[in-house]
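The data blocks that follow each hold one structure.
Below, subunit A partners subunit B and then partners subunit C, in two separate complexes.
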Partner chain A sequence: MKAKAGRKGLTLRNRELVWGLIFISPWLIGVIFFFLFNLIQSVVFSFNNLIIDQVHGGFDLHWVGLRHYHDIFFIDGNFVRELFESVGFMLLNVPLIIFFSLFMAILLNRAFMGRGLVRAIFFLPVIMATSAIEGSLELIMGIVMGGVSSVPDDVMRAQQGFDAQSIAMMLSQFGIPMQVVEYIIEAIAMLHSVIRAGGVQILIFLAALQAIPPSMYEVAQIEGATGYEAFWKITIPMVSPLILTNVIYTIVDTFVQSDVVATARATAFQNVYVLEGVRGFDFGRGSAMAVVSSLLACLVLMVVGWAISKYVFYYN
Partner chain B sequence: MAAITTGRRAAHQPVKKKEPKLAKRTKRLSRSTSGTVALFAFLFVFGIFTSLPIILTVNRAFMPLDELFLFPPRFFVRNPTTSNFSDLFIIMQESWVPFSRYFLNSIIITGFGTLGHLIFASMAAYPLAKNTFPFKDALFAIVVLALMFSPVVTGIPNFLIISALGINNTYLAVILPAFAAPIGMYLMKQFMEQIPDSLIESARLDGGSEFFIWRKIVMPNVKPAWLTLIILQFQALWATTGGVFLRSEELKPLSFAMNQVALGGVARAGANAAVIFIMMAVPVTFFVFSQSRIIETMATSGMKD
Partner chain C sequence: MENVNRRKYGFSDIIRDPRGWRESPSFDSTMHKWTGKIRDFIVGVCIAIIVIGVCYVILGPIFGIVSRAIMTREDVINPLIFLIPQNFTTASLNYAITHMNYFGVFRDIFVGLFSADGTFSFDYVLALREFSNWGALFGTLIFAGFFSLLHVMVCSMIGYGFARFKYPGVNALFALVIITIVVPVHSYMVPMFINFRFFFGTDINLINSWWALGLLTATGVGLRSGLYIYIFRQFFRGLPKEIEEAAFIDGAGPFYTYIKVMMPNAVPAIITVLLFAFVWHYNDTFYTSLLMPQVNMMSTYLMALVDTYATAERDFNPLGQQMVLFAGVLLAIAPILTLYMFLQRYFVEGLERSGIVG
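On to the complex of A and B.
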């Protein structure tokens, strides 16, 4: 270990460092340009009023210090409530999504006919969550639910995506009794929203399950372990690093889709209707909201990540 | 070897363990049959429900117009026709950018974006997972922060940097940020940490260069991970409409064009059905293809302890 590493005259440690830098740098440069820069710039914007120059293009910044932060906490009546609601919703949903996706992944990892197709079906909600497909599905919904005459555009647009509710509504149009349909809504609306949020996690867990060497199960089998024991002693420890990954991914994903982020984005880009009338978009204020909510989400992430990482098992 | 002998001994001298249990165990590690049936029933019902949209989509794509507007509606097509697709192509012919160009744009953006992301993310993940590296934790914290913050309110900063780099209104404006997406690096790192150190050490002792180890030892061992990663990235890039960065019509991807057709409303119901079919068929096919490649993975990687 202490000896020089031959030809290049570098110690092993330095050689690892040099190679590490070579491997990391392309990606790191990209992160600095496309992500870190955004982050720093947004923090700067949150201390300024950003006024777009309509005539010459470009924008001017006017330093306002902590005013935006003061405003969102003490003047805005909704932000703080929305922030905590979003985080609460996140904390409720994350365990649900994680358990469900692990369960689904274990089911889908078993050998059966048409496994690839079944997996694709469970990944569908992720594929469908794209604008072109959602727009088209809404149109179909409109036509299916009312025929041509009752599909004014705004009615169709009022439909938010293609959710369990609309599928169930459609079923009732196909002649299935309303009671049955309502029951299906109740039972599946929950599951459907979970699977909609869990498609990616299922895939990650599937990859984790496939990375477990089959020889481990073989040994367990020969040694006389039951399936239950094998699950707790092999499957769970081996996928535990990916449980951590998935928890973090889920927290980030639910946060990105939460109300508070939507509000921040709307504040930054859209005209907001307030009591005094229409207020133009306020990028500085939106940035401040984004900074505050991201910091809180990061705090949650750190606490949860730290708590889970104590139980994570690494093979080495 | 030790494992096998103890197993045999237990079979010959049934001291603690019962015979019938052993006989059952030789089949496979699994729960009771009724449990399996229940699980698959659940999978089946749930699968049917989740697949309703795709069944509907496929059927509607091949319905003639009169069946599309039939009320009460039908799930399954009676007289399949391809007229919806020819309608779509006729609509697309009227636009001055041909359908094939949109398709090519999507292929370029999705292909290069996915490939570059995979290569850069997994190269960066390797030293972070397996080498000693200063500021590793700090770097990682930055990644998570970026992951959290990037989609929120970065419209203007994003536009500034893309313009400053001079890649506004080129494919690169969409492809380059995709290269550096933090999620891929994170995922790859988690999987690479699972690879036994001894495997990499032995390759180093045999004189393999770091690049060789990455390419020939690390990557094959995390094949399920990167196959998952390309599915995620492919899906995300296939869905992108280019936003404000692709302003020239001849650079816009297929999803943008399809969106426009869908906005045509009821008058384009037929073409619209064909649109969803096409937009869905590509990622689903890609998904099924790459998932079928995953299964072979572990059979090839060997590690003798």
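On to the complex of A and C.
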């Protein structure tokens, strides 16, 4: 090989460049033609009406400017609401999932009997995460009584003598602001989905916790730090890079499953105009919805990522 | 001065002289030991409650689905029966197997495995002739297996290219890999569909074939390809550089080194990517319903099952529909659960060693 390279007259640096590009060449093709090109086209489509020519094949673009954006924001009654609901749900859900998975990882980090089994069970939702069976899982959860998480409030009161409303009343009587109480109620209602969404995050946190050198805790103990101090001064800084990773992972994961994405998809790929006699897909409007929701998701990602990265501590 | 009571205290001494015991160091050490034990016990009980509760939330639905799938209708209606059925039946399962085309042509082959005179015969002629009808189970398994292998081949190569070759701009390109992970596919699903429907302006239609997803996977932008590239890159960077240098000095080219030296050392990463890609392709509904809506996969059959049942049997009772649905769900998750039961160690450890962590 060396001789060959010599014949070609490649210096070491050029050789690295050539071979590096050869190795990543499939990805370069893919990222240019199937990723960047598609991203740009998505924006282009959102300014056009896309009509598939049934007779001659192919498709035509008709420039309509900002009409799709105008439609989804000012004509469509649902899109804006769904957009903000999805982002709101994301902002509510992500902290819950992160706190829950960090908490569970700290619990699982202790040595106890059957730890391997418990870890295997916690990872199970990742294996079964598919929208095809999600609905039936929710359904069966209600049947086998998965506790507060699954049963509607009134049914729960009748069946189990547990009254979420009265607890809410009690909390607000203590002078806890109503928003906080609502958040707690909401959190309990989402318990099932939070547990199911936390599988990967728990394992990532667990691996991070096990990577912390035990000598740090020993030193802290000798210096007289309490467990509480050790948690805030050692554990949290050491796992903070993974908190950033997990937050980004969770935001993307939640966004992909949100309503607004489903709406964009349905708009683009279902015959929404069948009733009006115009058969066809509304690709342009679907693209506009996808672009708007993705931009918002990226904005959230950037703001959250920037805010967290200021507090991230890198050990090395 | 030294008025600390250094006596040893037995049980009878404590009864006789509790005050003296309380002021002795013996009291301190005993209490210290006991508070520690009690605290550990309480913490242990709390952890057990939380862990068992969370495990129940995860396992509950699976038990529920299994039990509902083998219940008779009388048992489902009977409020006294919870989880454990009184009368077992495979009626729902049979219905789901038939209408999901679960075994396809293999159903007939299995039936004919043992002929009347007791001889064993596998009708491979029939299996090969009807290979387009291999059924939801084998069809989906082969689909997922093929794409996970393709992922390993392509992403390991790309990951190696990012891990070991230094040239200006390589970090910017790798940042683009991270961007492909973070940007949701949904933001460009319409052009993706259009570009495969009319393959870049031509009249070639790649929708409803393996080609569309195959091209995406082969160029490293398929289902979570970015993550696999990342995993392989981190893994290759972690391997000692000396192995490669030795190979280079012995006259191996970069490609030969990658195939013969690096890949055999990357078995943990390969297993991780293989398993995750397999499971995610098996479960995926986004790419399959967008790029191959008429290719019959497990998820396609599953989503159509209830409608099929309702229209074919004229049964609009939600209970009957539920029973069939749960039987279908059980059949759909059974292969993955079986796989996970045997290989769960690799799933869990694989993620930990994948390089996402540190």
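Everything that follows uses one rule, which is that the second predicted complex is superposed on the first by the 209 of 316 C-alpha atoms of A that agree within 3 Å, B and C clash if a C-alpha of one lies under 4 Å from a C-alpha of the other, contacts with A are read in each partner's own complex, and residues count from 1 in each chain.
Throughout what follows, contacts are C-beta pairs under 8 Å (C-beta built on N, C-alpha and C of every residue); 3 or more make two chains touch, one makes a residue touch a chain.
Bear in mind the structure is a predicted one, so any value in this text is a computation, not a measurement.
*Asks:* Between subunit B (first) and subunit C (second), which does A:Ile236 come into contact with in this model arrangement: first, second, both, or neither?
*Replies:* The answer is neither, since A:Ile236 touches no partner chain.
*Asks:* Is A:Pro213 in contact with subunit B, with subunit C, with both, or with neither (first, second, both, neither)?
*Replies:* first
*Asks:* Is A:Leu244 touching anything from subunit B or subunit C once the two structures are fitted on A? First, second, both or neither.
*Replies:* first
*Asks:* Does the superposition put A:Gly58 against subunit B (first), subunit C (second), both, or neither?
*Replies:* In the superposed model, A:Gly58 contacts subunit C only, not subunit B.
*Asks:* Per the contact definition in the header, classify A:Gln173: touching subunit B only (first), subunit C only (second), both, or neither.
*Replies:* The first partner, subunit B, only.
*Asks:* Looking at A:Ile222 after the superposition, I want to know if it touches subunit B, subunit C, both of them or none. Which is it: first, second, both, neither?
*Replies:* first
*Asks:* With both complexes superposed on chain A, which partner does A:Leu296 reach: first (subunit B), second (subunit C), both or neither?
*Replies:* Neither partner.
*Asks:* Counting residues of subunit A touched by each partner, does subunit B or subunit C come out ahead?
*Replies:* B
*Asks:* Counting contacts the way the document defines them, which residues of subunit A are shared by the two interfaces, the one with subunit B and the one with subunit C?
*Replies:* 13, 16-17, 19-24, 26-31, 33-35, 37-39, 41-42, 45, 50, 59, 107-108, 112, 116, 118-133, 136-137, 139-140, 143-144, 146-147, 191-192, 195, 200, 203-204, 206-208, 210-211, 241-242, 245, 248, 252, 255-256, 261, 264-265, 268-269, 283, 286-287, 290, 293-294, 297-298, 301
*Asks:* Looking at the complex, which residues from subunit C come into contact with subunit A?
*Replies:* So the residues of subunit C in touch with subunit A come to 44, 47, 50-51, 53-65, 68, 82-83, 154, 157-158, 160-162, 164-167, 170, 173, 176-177, 180-195, 197-198, 200-201, 203, 215-216, 218-221, 225, 229, 248, 251-256, 258, 279, 283-286, 290, 298-299, 302-303, 322, 325-326, 329, 332-333, 336-337, 340, 344-345, 347-348, 351-352, 356-358.
*Asks:* Applying the document's contact rule, which stretches of subunit B touch subunit A when the two form their complex?
*Replies:* My answer: residues 3-4, 6-7, 10, 17, 22, 25, 29-31, 39-40, 43, 46-47, 49-54, 56-57, 60, 68-69, 71-73, 75, 120-121, 123-124, 126-128, 131-134, 139, 142-158, 160-161, 165, 176-177, 179-180, 182-183, 185-187, 190-191, 193-194, 196-197, 210, 214, 221-222, 224-225, 227-228, 231-232, 235, 238-239, 241, 255-256, 258-259, 262-263, 265-266, 269, 272-273, 275-276, 279-280, 283-284, 287-288, 291-292, 294-295, 297-298, 303.
*Asks:* Looking at the complex, which residues from subunit A come into contact with subunit B?
*Replies:* For subunit A paired with subunit B, touching residues are 13, 16-17, 19-24, 26-31, 33-39, 41-42, 45, 50, 59, 107-108, 112, 116-133, 135-137, 139-140, 142-144, 146-148, 151, 153, 156, 162, 167, 173-175, 184, 188, 191-192, 195, 200, 203-204, 206-208, 210-214, 217, 219-228, 230, 238, 241-242, 244-245, 248-249, 252, 255-256, 261, 264-265, 268-269, 283, 286-287, 289-290, 293-294, 297-298, 301, 314-316.
*Asks:* Contact residues on subunit A for subunit C in the complex?
*Replies:* 1-2, 4, 13, 16-17, 19-24, 26-31, 33-35, 37-39, 41-42, 45, 50, 52, 57-59, 104, 107-108, 110, 112, 116, 118-133, 136-137, 139-141, 143-144, 146-147, 149, 191-192, 195-196, 200, 203-204, 206-208, 210-211, 241-242, 245, 248, 252, 255-256, 261, 264-265, 268-269, 283, 286-287, 290-291, 293-294, 297-298, 301
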